[in-house]
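Letters A, B, C and D mark the chains in the order given here, with residues in each chain numbered from 1 onward.
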Amino acid sequence: MRQQNSDQLQKSESLTTQLVMASQPYIYELKMKVRDYECDLQGIVNNANYQHYFEHTRHEFLLSKGVSFSELHKQGIDAVVVKVEMVFKASLKPMDEFLSKLYLKKEGLRYIFYQAIYRISDNRLCIIAKTDNAILINGKLGYCEVLDKIAEEAKIN
Amino acid sequence: MRQQNSDQLQKSESLTTQLVMASQPYIYELKMKVRDYECDLQGIVNNANYQHYFEHTRHEFLLSKGVSFSELHKQGIDAVVVKVEMVFKASLKPMDEFLSKLYLKKEGLRYIFYQAIYRISDNRLCIIAKTDNAILINGKLGYCEVLDKIAEEAKIN
Amino acid sequence: MRQQNSDQLQKSESLTTQLVMASQPYIYELKMKVRDYECDLQGIVNNANYQHYFEHTRHEFLLSKGVSFSELHKQGIDAVVVKVEMVFKASLKPMDEFLSKLYLKKEGLRYIFYQAIYRISDNRLCIIAKTDNAILINGKLGYCEVLDKIAEEAKIN
Amino acid sequence: MRQQNSDQLQKSESLTTQLVMASQPYIYELKMKVRDYECDLQGIVNNANYQHYFEHTRHEFLLSKGVSFSELHKQGIDAVVVKVEMVFKASLKPMDEFLSKLYLKKEGLRYIFYQAIYRISDNRLCIIAKTDNAILINGKLGYCEVLDKIAEEAKIN
């Protein structure tokens, strides 16, 4: 094993990163803190937990707009993730506090969340994500007027 | 909320899907089964758990080649995920058995795993993923000769 | 910080341990393997995951008897845990394979699972647990004839 | 399946409950909120997650006293759970906010946390737990002066 410089790694970031960076300004942010049990044997937050952070942030955002993910489910309306892209730029560690931010956009029938996690101690961008969601109404593809309204409002901001 | 047909959704699959589909034939597969606790209030496997499935499959694959993720960590060598792309095509449910398959390719300094999950009951492709990994040796970007050899062998197959 | 011998710790094991040890012979066992993501920053399986292992074992046991936890839920019948006792005797580590065993007993309206995890490499008893479950039928305490029959059969064995 | 009244279930609560109830007044509390991904297919928080809540509360309590679980680990000092007892009295659901409270006591070489979760909306006691912890110093049983001091202070309060 030998060490090399990181130029080659950085170059390939490209598209996803650019797209996500362009999504600012974010319309919602949630302050969170790493919990020790979310870290794995490498001593850093296990990757799957970032999806948990992002999901929780989306749901809290929706709640702030009066929309409950669990209530929607009871009504036969399910928001489902159809695509996820995540780029990891720095790892979160035990005791780290962070801001989980998002922006919402509608493209066709998809509700697309651009999300990012910033470590509070040094304002460093740690992880960025793009999550495409679809609305299933009793199992069939549909749309949700409340979400459409939120996406419209986000556009104006 | 109204329902529409799913054409518009399908069209946008595009690139990621094609890339991943092209990655066959896979060089490793692991039979797994959904555990009830992995399902969320929608009654389907929570998205973050697919990352767990994929991670576990990568680690079992490495073990089958004599490489232990946890032993590497003890030696100061960490395989870290730098990018994830996942496309969700069908949800796994309680009791579902599935095959988790992978293909490995090296691009520059990145070890790229193309992964897919097929439900066993009907051989349906459920989730596809592309995971870019980097090797950090005592925190600096490097490479791993054993992984390089595995990637070389995969190419020949 | 100073080290002392472990006599004092062992002595206090007492009741729970004895009860659980007495539950043998077990009527079901499931072979499992630690997944790296289940380990926390101490490099050992995080305690909460043993509850996952135990839950999964109970559900697989029920399935082997033709009873599905998720199907029961759809019918308005929920098996809920009302009490858990766990004694940790040795930690599971990455790559460990283990047998998760159980015994079922009915006491009053409670379905009590005595469970234990044995590491395969050295047959060491790692964790023992006693889980009391109640049956809720549309939210009210009830009982389940199928489970009663299983508990009766277990008694005979 | 038939429904019966819950007297028989309540009677058997007994010892654990009494012990834990006696532990008040608590010396630390942490406000938390259920995250949707912590709920399972029954639509309520999965039992294993209460262990996560309790663990996170203990670690935040320690941090409030200047003790970091992850830093201890780096120094070769591991707090490990040797026994857990939990009694479940009411389930937490999506959107529930709750107070996670604890009391610390030293018994022999064990650091015993009495913990309870109260739902904020109606101040209902939902789950109580007693967790016995041991200190391992480079793998051998020991004790931790800082924790001893905290336990002493708790006694006075």
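Keep this in mind: a residue touches a chain if its C-beta (ideal position, glycine included) is under 8 Å from a C-beta of that chain, and two chains touch if they have at least 3 such contacts.
As the structure is a computational prediction, the values presented were derived from the model and not from experiment.
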Item to check | Chain located farthest away, centre of chain B as origin (C-alpha) | outcome: D
Checklist entry - C-D versus B-C: which has more C-beta pairs touching? => result C-D
Checklist entry - Using mean CA coordinates as chain centres, what's the chain C-chain D distance in Å? => result 19
Item to check | Centroid spacing, where centroids are CA-atom means, of chain B and chain D in whole angstrom | outcome: 35
Checklist outcome for this item: Rounded to the nearest Å, the gap separating the Cα centres of chain B and chain C is 30
Checklist entry - On chain B, where are the residues touching two or more other chains? => result 36-37, 39, 41, 43, 46, 48, 52, 55, 70, 94
Checklist outcome for this item: The answer for chain B against chain A in the complex is residues 1-6, 8-9, 12, 16, 41-42, 46-49, 51-52, 55, 70, 73, 77-78, 80-88, 91, 107-110, 132, 134-135, 137, 140-145
Checklist entry - Which of the residues in chain B come into contact with chain C in the complex? => result 35-37, 39, 43, 52, 55-56, 59, 63, 68-70, 93-95
Next on the checklist: Can you tell me which positions in chain D touch chain B when the two form their complex?
Outcome noted: 36-37, 39-41, 43, 46, 48, 94
